[in-house]
Amino acid sequence: MSIKTTVAGLLAATMLAGASSAHAETLRLLTWGSYAPEELIQKFEAEYPDIDVEVTFSNNEEMIAKLRATGGAGFDLAQPSHDRIYAAQLEYNIYKPLDLSKINTDVMQPKLLDGVKANTTIDGEVYAVPHQWGTSGLMADKSKAPDVKGWGDLCDPKYKGKTSMRLKRTILLGTAFAMGDNPFEAYSDLEKYQSILDKVADKLIACKDNIKAYWNSGDDLSAMMLSGEIVASETWDSTAYKLYAQNKNIVFVPPATGALAWIDTFAIPRKGKADDAAYKWINFVLRPENVSIMSASTGAIASVKGAKDLLPADKKAAVNAAFTDADIDNLKFFANIPPGVEDMEGRTLEKIKAATGG
Amino acid sequence: MLQKDFRRLALILLFAPFALWIILLILLPHIGMIALSLREKVAPRVYEYGFANYMDFLNEPIYWNTLLRTGSMSLLVTALALLIGFPVAYYIAKLAGNRTRGALFLLCLIPLWVSDLIRAYGWILLLRETGVLSSFLQWAGIVDHPIEFLYNDVTVVIGLVYTVMLFMIVPLVSTLDGMDNSMIEAGYNLGGNGFTVLRRIIIPYAMPGIVSGCIVVFMLTAGSYLTPILLGGKNSSWFTEQIYNQFISRFNWEAGAAFGILLLLFTSIVIWLGLKLSGQTLANTVAKS
Amino acid sequence: MTNTPTYDLECIDIAKSFGAVRAVKGVSFNIPSGSFFSILGPSGCGKTTLMRMIAGFEEPASGDIRIKGRSVLGTPPNKRNVKMVFQHLALFPMMNVFENIAYGLRCNGVKNAEIKAKVHDVLERIALPDVAEREIHQLSGGQKQRIAIARCMVLDPDVLLLDEPLGALDLKLREAMKIELKQLQHQFNTTFIYITHDQSEALVMSDHVAIMNQGLFEQIGTPQELYHHPETAFVAGFVGDSNRWSGKVKASDGSGGTVETDQGLQMVFTAAGGRTIAEGTAVEVFVRPEFIHTVRRTEADGVPGEADNRMDGVVDSLLFNGANSRVLVRSSRGELIEADVTLTGHGDLKPGEEVCLFWSSRQAMCFPSEGSA
């Protein structure tokens, strides 16, 4: 009897505590650097005084590793790229399905929304919606390297010792396209994909001599480019846009075979505890006035209708200097990475790093 | 009787935090790592136990080459740190006045005041093609075109030596400090020249400090991550980078754990060999310095 | 050349300063072959600096040091055939006894077989034939001492320097080692130069002792000479115990006379060191406790005639120390005087007893006061 009442009392107390903590909710955001500008957080907290926003900056790999370590706990909203959700969810079960009725999907560009939905639907449940998109491609100093047009030009002996790239999967995929293959189509046939990777590895090992150094972060890439130590590099478009603001000769060059496009999404970790707050944040940052603030910080384009017009003036100029409509049509969206591909790519990258080139 | 129990309880309570620390923060994670390293992924969410991760390591020359490379470069860094650190420590312990001593120690500490990352960027600013050193050489007319000092193994070694110097100097200073000056004078008095005194008296006396400094420096170097990554060139692979890649980029925690255990084993073996060759014991070196 | 090879070591007017401090101010002495020579002085008198100059660790600012007649100025310490036993011995803890002794031989490039023979020979001579394989920390204090000496003697030095090597030993062992050191010196027949601030070490062991004070030698002589015929007030005060009075000479015939102490005591004295002391000179008078007879006042009549000084007082206290017991007597003028007494256990003096003190004028050594000499 008395034990029962004690337990009941404890339960009631816990529930009360839970209810009261709901009043001062914390939204724990796991996202990319610059994806949560202070200005927006303050605005959000002013609008929803009972929600505190906590931000952890990360990248695709670390997001998955962090969520994997806890089985999807510790964060309430994550922002992985669209191609990194499917396999991670299958393998580690770290996200929960979204309730699309709570998201203002009407404002999103239908093409991007459908694309992300197609990429992240498992057993009829949707796990992510788009937030912003951007591309990986090339960056060149027009005054010194006017004819950089494709991925392969980084290996042009003309620019020996004056080019750079990041030794990650992007350059593998780009080089594959440049060599006439379509790696995304080969995802369904891993043996074929391996043969493509082998070809790419040979090419990039031969190219090593031409490379000054592999860059690790946007900061060292920017420093090498601005100082003129390199004249062309593989890059994120946002980095190139930032440099364009400082040196009008440095432009983003969508490669002839198409820039590789990624969409950063919203996904809710499986053990997230503040779903309502997460939905509120999603709807909040997709409002036009907030999109401008976000894009100014990230340099990426929001996946809402008319997003290009919401870009700040200098970013708009940089995008216009980089992309023609044909380039936009030619975008290659990263395809879902099936299980095992990361391992294959990892091995290839190690092989390239370990090979003694220049 | 009661008092005895009470004393035992007090002892247990005193010892508990230390034991907890050892068990929770050192023992358990390592057991977890070993268990993880013995797991093989056969399909999504399906695992088996076996030595496949270790076999992978043995069958892939890239991996063990990187480990050997990391090991040999760490040994080089250790040797250089000793070569540079010994005279500095000798100067601090035996020749410097009391006030200069403090100042010199402080100077050795300075590299540790900033984070690894800042330190690496410092070297980058200094050594890059358009950096301070290259510009200075051009300005001085010694060279007529920019020189890239960055992105090669030499830079990695310099950066690492700079980082670990203090850990070599501190144990050396403390052993040399304990050495009576008259021991050195006796060495000369009995007919030894500078070299004999160094070889037969100072170095053997400082051996515990030398060995413990080398152990710390070797461990720190072999386990360092940021410095070799940021300063290293296109070919500068470092074993910790492989571990990081396995864990983070390739989501292969099992292989990452195996690599971690292998690194631990490898450094332990090198240190064991070092102790054997120098005729020291771990207790001796740790207790004396 | 006037160099005679009978001197193992000659120091000619050597001086040394550290900054503004003049540690050694021009010291000259010769040490004949095979003698035990001590340099005795209070700490800070410059004796360690002097010895370090002989060993070659310091270079004198002026003067010359000759070993076996040859100047060693500019010769580095490892090239001088002067070996040294350090204050804390400085045995090498990372080598065993054999290696410690062999070290110097190896430095000289002696062949292994010869090293072995020599080390065993020297261990034999210091009566420790079985310790060759021991580690240093396994030796007793006295054994370490002997090993430190053997380590030097195996190299056949012209001169062996010893820097207060007994300082760290306990009293009993120190007494034993004094005798042993002297015997070792005889046995090796090498010149020992022994630095110490402990007068009993110097007096017991040495053939000759130099008393050093403030960078200068005050007097060189045999222990007896120094004790009985000190040439300066410092030596009289430093060597042995003394009662000391300051005063003014009332009457003098040059070599002796009467002095009145500051307390007003009249005393007959002898001028020390063959000096002449004129009337009116400010002087210091030293009387050793063993030359003062203490007699109960009631028995004061049967005193030997030559005790021409007399003073009355009251026993203040007894300092019992076996054969070296003393009595402290407070004079009627308030000063305390030490005198040796023989305490037999029966009918001894007691505190509070009235006594007379007697001493001879020959034992009242008189020096002109410092600064007025």
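When the chains are written out, they are named A, B and C in that same order, and each has its own residue count from 1.
We adopt the following convention: a residue touches a chain if its C-beta (ideal position, glycine included) is under 8 Å from a C-beta of that chain, and two chains touch if they have at least 3 such contacts.
Chain identities (UniProt): A = Extracellular solute-binding protein; B = ABC transporter permease; C = ABC transporter ATP-binding protein.
Predicted, not measured: the structure shown is a model, and the values here were computed from it.
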> Smallest number of touch links from chain A to reach chain C?
Replying inline: 2
>> Of the pairs B-C and A-B, which shows more C-beta pairs in contact?
In response: A-B
>> Measuring between Cα centroids, what's the chain most distant from chain B?
In response: C
> Most central chain by CA mean?
Replying inline: B
>> Can you work out the whole-Å distance between the CA centroids of chain A and chain C?
In response: 89
>> Centroid from C-alpha atoms only, then distance chain B to chain C, rounded to Å. What do you get?
In response: 56
>> Can you compute the centre-to-centre distance for chain A and chain B, using the mean CA position of each chain? Integer Å is fine.
In response: 36
> At which residue positions does chain B touch at least two other chains?
Replying inline: none
> What parts of chain C, by residue number, touch at least two of the other chains?
Replying inline: none
>> So in the complex, the part of chain B that touches chain A is made up of which residues?
In response: 44-45, 62-63, 65-66, 124, 128-130, 148, 150-151, 229-230, 233-235, 237, 242, 245-253
> Can you list the chain B residues touching chain C in their complex?
Replying inline: 180, 182-183, 185-193, 196, 200-201, 204-205, 207
> Which bits of chain A are touching chain B when the two form their complex?
Replying inline: 61-62, 64-65, 68, 87-88, 90-93, 168, 208, 211-214, 216, 220, 223-224, 227-229, 339, 342-343, 345-346, 349-351, 353-358
> What residues on chain C touch chain B, complex-wise?
Replying inline: 55-57, 76-78, 82-84, 86-88, 90, 92-95, 103-104, 107-108, 151-152, 155
